[in-house]
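Sharing a structure here in structure tokens format.
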Amino acid sequence: MTSRDVLLEVSDLKVHFPVDSVWARLRGARPVRAVDGVSFSVERGSALGLVGESGCGKTTTGMAILRLVDHSSGRVVFDGENLSDLDASAMLRFRRRIQVIFQDAYASLNPRMSIGDGLAEPLVIHGLFPGRRQERVRALLDMVGLPSHFVHRYPHELSGGQLQRVTFARALAVEPELIICDEPVSALDVSIQAQIVNLLKDLQREFRLTYVFISHDLSVVRNLCDRVAVMYLGRIAEVASRRQLYEGAVHPYTKALMSAVPIPDPDLEATRERVILQGDLPSPSNPPSGCRFRTRCPVAVDRCGESIPELREVNRGQWAACSRISEFT
Amino acid sequence: MIESAGMEPVLSVRNLHTRFHTEDGIVHAVGGVSFDLLPGKVLGIVGESGSGKSVTALSIMKLVVSPPGEVTADAITLEGEDILGIDEVRARRIRGSRIAMVFQDPMKSLNPVLTIGRQLTEALREHLGLSDRAARDRAIELLDRVGIPMARDRLGDYPHQFSGGMRQRVMIAIALSCNPSVLIADEATTALDVTIQAQIIDLVKRLTEDLGTAVIWISHDLGVVAGICDSVAVMYAGRIVESGPVRDLFHRPSHGYTLGLLGSTPRLDDDEERRLQPIDGLPPSLLDPVPLCPFLPRCRHAVGACREKPPAWRDVADVHGTRCWADLTPYWRATNG
Amino acid sequence: MNTLAYLARRIVQIPVVLIVTTLTIFIVVRATPGDPVELMLGMQTSPDAVQAVREKFHLDKPLYQQYLIWLGDVIRGDLGSSIRLNRPVSQMLGERLIVSLQLATAAMLFALLISIPLGIVAAIWRNTWVDYGATGYMVLGFSIPNFALALILIYVFAVELDWFPISGIGSSTSRGGGVWAFVSPFILPAVALGTVQTAYFGRLLRSSMIDVLGQDYIRTAHAKGLKPAVVIAVHALKNAMIPFVTMVAIHFGYMIGIQITIEYIFAIPGMGLAVLTAVVNRDFPVVQGFTLVIAIFFLVTNIIADVLYTFLDPRIRY
Amino acid sequence: MSTPPLHIGAGDPSAPPAYRGGAFLACQQFMRNHAALAGFFILLLLGFAAVLAPWISPYDPTALKLSEKLLPPSFSHWMGTDYFGRDVMTRIVWGGRVSLSVAFLVVFYSLLVGVPIGLVSGFVGGRLDNALMRMMDAFLTFPPLLLAVAIVGLLGPDLENVVIALGIVQIPVFARIVRGSTLSAREEVYIVAARALGASAARVVFSGILRNIVSPIVVQITIVFAGAIIAEASLSFLGLGSQPPDPSWGRDLSEARRYMGDAPWLIIGPILACMLCVLSINFVGDGLRDSLDPRSWRAKTTGGSTPRVPEQVTP
């Protein structure tokens, strides 16, 4: 790790959703701290996995990077330029370089546009390939493994996997550098999911793409990502390289999360030690004091409630936010 | 087909067919499913969406609406009693008391405008004839058992006041309220986070062991099935293509589709370099079933026989059978060395 | 508590809406041509007499002052008096409102009586002849103007069969009392008025019922082995009724305005006819007072609809 | 209960299907709805009759011929004659001319004003939205017919004023529908996706939102059109619409009322005409509602897949 070519750097990102109505505020409703101080960086050509359970703020983080939601504070630096300061028109330049894929491919395509029109739209917006757009659209379909006559189809005529391929084609249309993938394979059946995962890998190699891969599925993330950040209630619990995380996770939450992921091997399942977390996720509008995880943490002690633990480097490149971390490593 | 080995099965299904008459034609959702469920055991049914696993469950529960649905079978036997031809009134007495079901989405499966207490006591009053008071006491006991704190105070609450995991606990309490001999869990943990899923699986395992309830666990997740089931049936395009004891099936998959599923599934303990082996193409149309193996167009291991005649059921080991002509053992050994 | 807070907030908003509403009406009424005093007194009257009437009704003052005077009076509970009839508006309102409410209630009862069973059976036996019959009735009910239906009803039931009287609402004493004497004049107007609502409500209930019957919790209820009647009456109907009841309340608010043609045909002394006469005569205080009451009535029924919604749906807590 | 999982995979057809635009597919779907198609043709017929009234009706709609008053239906007078000896059938055809043109103008004007208000309100949001919607609310606190009666009453009984009154009444209806659809369209993932692609606000409005609010607007047009026909008849019935001796369904009914005991056929004709017209529009409206939904556009010729919304497997 000598000359790190960092493409995206997020530092201390916070997204708080304010309480809109005066009445609700009077009754003591608090802002939802969906993302509350998240930092990570992504190297060019690599894939960062952003994992966590529902409500942990992983999707909001992705949307804040894209400026599709406004962040309250923090910085998002893309290729040396601070996106947080840009106005909408300056942001337009970057829209071409940062693309996004959503979980529900059907919903992310305009139902009244044919696939061909949908794929041509980004080309029109950015004035790319004038006069050759039809060929470009067909080439894009080919890239994602779809036949060219799909240009005349409508989204509702396609299967889930095909639709997700179309959204990839649309993202690739503008030759982006970074693609934020928000649970792109979660809604798909495993056999189709595997097709898409492999497609993602191939495209990454072919176009030297950088991914921020948002997912709740640790197994998929292991297959696809070089580094992984584990989020819990708006904060990062642990961030490490793939090998470090999957073979030597240090944060109690990461350990519990991993032990809860089922493995398709009956012998292993019968012998695995499982940490079953008690209770539910607390509300992000009223998180526990100190360490957010302490209410469910199997090793929590009194002092965990005193202050919010900062991310600390435990091993080289492996960071964890736990005040008892020194006792575990 | 999972045959009973000496023990009398609590539920036995023979050659179940379910069709739906639609505008476009007849959809053959289930095309000849047979299995035996042994008392106290957990049978997993795995398959992707559209494979017919949920419809199989609904058919057994007699919850398929006719028309457009149409259910036929050679036999469906519950605790030695034929339930295939029974009328709706008797079917109703069986549902919820002797076979109970837990569904995928606990938010949608609970009635939003009725209290938890009401929804929990309904079946008790209906099937066991309990008084309001007795039903209430039993409801509190049940909620307590599924791990809902302060059960007494929560009877008057509505579903939206519970978290996702808690709702599914309530669903389990409802399902187990009349001590059914069979519990069908249809993707019961799919909508939940993994840590909550682990809680629920743990709970179901514990409760059914205590009560001696036999379970049909329907899931698309091979990992969940590997962890909870005693035996597994793999469904594809409305048919069981392979079934056997869970260890046997995972160690010696003997159908092209099972192999494909395992190859497609990313694992937490994977090698980092392992490339997934997806199944190419898409599942077949259920409108016009082909006589040959429905998996043939997507299969990497097809042999000559596959293109000539429909696959017959054959045993590969004790109570482990497959509907596949190809001998996949060498291949499987080679790839998993 | 929160529902109460929401309610309080809604009630606080009423005056704001009412000021916008009455101000709009005030400006429109005054801005259109036609002088009430001339209309009333005719051309030959002496300028002094005209001036006297003008002063009495503050018509000589600038518009904004007239509005403020009117508003001040309203706040003190005085709606003024009719230019034409020289009677207090509140007194006229009292008589008219009772008649209109009686008719609206009768029509609503009829609409509910028909639409609820119709909507439920159409949803349960969807795509059978029961459903086709019910939806056929609803489409016809939508398509016939209420005054046209009234004419047909009058011809068949009053002229040919002579079962019901054509008029008599609001003059109950003249017939010498008795329940039938009070009720019978309401039957034809109520049916004529309520038929459109039977179609509207029936269709709404049918579609919300179909929606509810497709929900997962209905499947759960069946999986519990409950009787089909229980599933429908408890699990389905309770959910389907939420949008239905809300819509019924809102329609009740509108009922008074739709009555106008029916009042015209059956010679019913209701609010609609009063507004019509007052508008034609430029009887400002009457128009102003009646529109205020109609707007209040509509706003109140809307709030009732909202409250009913929170009452029926435990998920909503403001 | 549960719907069958109609996941019927797409075996890609060897021959690529011919290109078919959305409009074509919507039309194709509309044609499958027989009631809607019938309604459409009846409307077309009524429209032609109204336009060609002067040429196709054998009698004068207004000329008095007292010698032929109150004749029952016969071959020469299909629907009989009225008190002044005028042919009822002729007056119905001419009345349709009035009704349809009033309804058409009402839709036109209320659309012209209501849609931009709703679009601006929904898209800009904030204070402007609040102000516009409170204004619309003020209109909505009156029952629409009563408001129309008041407006016509103030402006004077006249067909032009009927158009103005009914148009004003319908403006908030269009504004609200457009605003609602805009707001919900704005939340759609594909609109977010378009923004992420760098689409400008104008592009989002016109290509994303407008396309998707067309169908609620079109459906609302049919509702307003039907409502306007009934409202015009109601106003004319009250004596606020077209003035004698001009023909009008409502006006004629009001006159026929007096001779109902002796000449019941006088009320049947206008009522049937009005109902037929409204019924047809309602059928067309229902047909449009279905056929404008892209999920219904499955041209059987394309073969392969059937509609399938991806199954949600995760929270």
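Per-chain residue numbering starts at 1, and chain names A, B, C and D are given in the order in which the chains are listed.
Note that contacts are C-beta pairs under 8 Å (C-beta built on N, C-alpha and C of every residue); 3 or more make two chains touch, one makes a residue touch a chain.
Note that the structure is a prediction, hence the values are computed from the model and not measured.
The chain occupying the central position, as judged from C-alpha centroids, is D. Compared on C-beta pairs in contact, C-D and B-C come out with C-D as the pair having more. Subunit C and subunit D have centres, each the mean of its CA atoms, that are 24 Å apart. Per-chain CA centroids place subunit B at a distance of 54 Å from subunit C. Centroid to centroid, with C-alpha atoms defining each point, subunit A and subunit C lie 54 Å apart. Between the CA-based centres of subunit B and subunit D the separation comes to 50 Å, rounded to the whole angstrom. Contacts with at least two other chains are made by residues 54, 159, 216-217 of subunit A. Residues of subunit B in contact with two or more other chains: 49, 63, 164, 193, 220, 282.
Multi-chain contact residues of subunit D, defined as those touching 2 or more other chains: 1-2, 7, 9-10, 311, 313-315. By the touch rule above, subunit B contacts subunit C in their complex via residues 61, 63, 92-97, 100-101, 103, 105, 108-114, 122-123, 126-127, 158, 160, 171, 174. Per the touch definition, subunit A reaches subunit B in the complex via residues 53-54, 159, 161, 189-195, 197-198, 201, 216-220, 222-223, 242-243, 246, 256-270, 274, 276-278, 280-281. If you check the complex, the residues on subunit D that touch subunit C are 1-3, 134-135, 137-139, 141-147, 149-151, 153-155, 226, 230, 233-234, 237-238, 250, 253, 256-257, 260-261, 264, 267, 270-271, 274-275, 278-279, 282-283. Contacts from subunit A toward subunit D in the complex involve residues 54, 66, 68, 92, 95-96, 99-100, 102-114, 121-122, 125-126, 147-149, 152-160, 162-163, 167, 170, 174, 183, 186-188, 216-217.
Those residues of subunit C that touch subunit B in the complex are listed here as 215-217, 219-227, 230, 234-235, 238-239, 242, 312-315.
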